[in-house]
Amino acid sequence: MTPRILIQTADFDAAAEVAAMTRDRRDIGAVVTFTGLCRDEGGRLAALELEHYPGMAEEEIARMVARAAARWPLDAVTVIHRVGKIAPGAQIVLVIAASSHRAAAFAGAEFLMDYLKTSAPFWKKEHPIDGPATEWVAARDEDDRALEKWRA
Amino acid sequence: MTPRILIQTADFDAAAEVAAMTRDRRDIGAVVTFTGLCRDEGGRLAALELEHYPGMAEEEIARMVARAAARWPLDAVTVIHRVGKIAPGAQIVLVIAASSHRAAAFAGAEFLMDYLKTSAPFWKKEHPIDGPATEWVAARDEDDRALEKWRA
Amino acid sequence: MKAVYFAWVRERIGRNEEEISPPAEIVDVRGLIGWLSARGEEYAHAFENPDVIRVAIDRAHGKHDAPISGAREIAFFPPMTGG
Amino acid sequence: MKAVYFAWVRERIGRNEEEISPPAEIVDVRGLIGWLSARGEEYAHAFENPDVIRVAIDRAHGKHDAPISGAREIAFFPPMTGG
């Protein structure tokens, strides 16, 4: 299983990605897709700006996918993470996990999202609607705690 | 939150459903989509045929969505289940759960799929490739056990 | 009341639905299954293993000890396999 | 070796990357952070709370007690907030 891993400024088309993944396949029973969208945080946000560590980001995601594939029977995985400035309502991240088993597809996709949040070298900066002062988003304890469920 | 629940013979467009759900919204951060596809079971299957209990199927899915929405902060839910004859590789079921929190979107979508499998009045019949004899798919213990995680 | 059948219960009985009038001493789902089983070979075949039969009373899942009094529609079917 | 900086570490130091040549007695990440902190106010500011600084050695996450010998590229950044 060779994952498709992309880091790009351009938007992505989740449906086209799913179609490409399942085309000509008759053995995939379950496809779980996670799409992360830019929230406006109650109207406070003009945009998010995403920075990443080129090279390491792709490698770290590939390591996560390898761990997920070792743990669950995944037939195909796609991860696309956008960088640069992203407007509220726009797409930020896409994870697709396909398997013959739905539990594996759900677990694989959620595992990848939890590790993307905490281990992939991306950083978000907020551009508020009411001024030029930007602020780096702080890491959340909640995201670290989300990893606990994978340590069982 | 009024869910969109459809039972239909026609195919569905997951991307269009997600787009309709998130259009003009700036508060949804996470969308989890489950797509169930018809497997050919190693080349053995010519088609699946799905029967349902009209009226109850919609009502039962609505009850599941209400339970999910009471348990997790879901902003929007779509469930589409096809009936009739479905070819290997084709789509059978779509569940979309949207939330401002990714854990809620994942849990809501997986909860709905687990209950769709075991409590929604649908029955699958297999049409094998090598003859006219059809066979009803037996319920799987694995699907019943999948419910245990929601009883915690 | 109306009885409706699905999947192999429907196929074994050979009909989708029918009006039934069980006697007053039939008070719950279990009794109704026994009463239906005695209506003929096709019913006996459909209900030969009553424990696997699932039931919905007026479109909501019910157990075998659920009362049937007042029900307008009772459905009989195998364990569900959708999704 | 090359030092690279991201997010507010990069902003505080005022550069994306630079070649550094720490003395031989600097053997691990913790020592390197201390040595960098002494290079000027901007570094002291970036590393004022060393415990929150995450490090990657040749593009793989490393701990503060990881040896730096042989490393070609060491990256310093805040906790990640992608996804």
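Note that the chains take the letters A, B, C and D in the order they are written out, and that residue 1 is the start of every chain.
Convention: contacts are C-beta pairs under 8 Å (C-beta built on N, C-alpha and C of every residue); 3 or more make two chains touch, one makes a residue touch a chain.
Everything numeric here is computed off the predicted structure, so don't read it as measured data.
Traced through touching neighbours, the fewest hops from chain B to chain D number 2. Of all chains, the one whose mean C-alpha position sits at the greatest distance from that of chain B is D. Distance between chain A and chain B, defined via averaged C-alpha coordinates, is recorded as 23 Å.
With centres defined as mean CA coordinates, chain C is found 26 Å away from chain B.
One finds 48 Å separating the Cα centroids of chain A and chain C. Residue positions of chain D touching 2 or more other chains, listed in rising order: 83. Looking at chain A, residues 36, 102, 113 sit in touch with two or more other chains. Pairs of chains meeting the touch criterion are A-B, A-D, B-C.
Put simply, chain B touches chain C in their complex at residues 36, 50-53, 55-56, 59-60, 81, 92-93, 113, 116-125, 136-139. Only residues 4, 6-8, 56, 59-61, 75, 77-83 of chain D touch chain A when the two sit together in their complex.
Those residues of chain B lying in contact with chain A across their complex are 13-15, 18, 22, 24-40, 42-43, 88-89, 100, 102-103, 105-106, 109-110, 113, 146.
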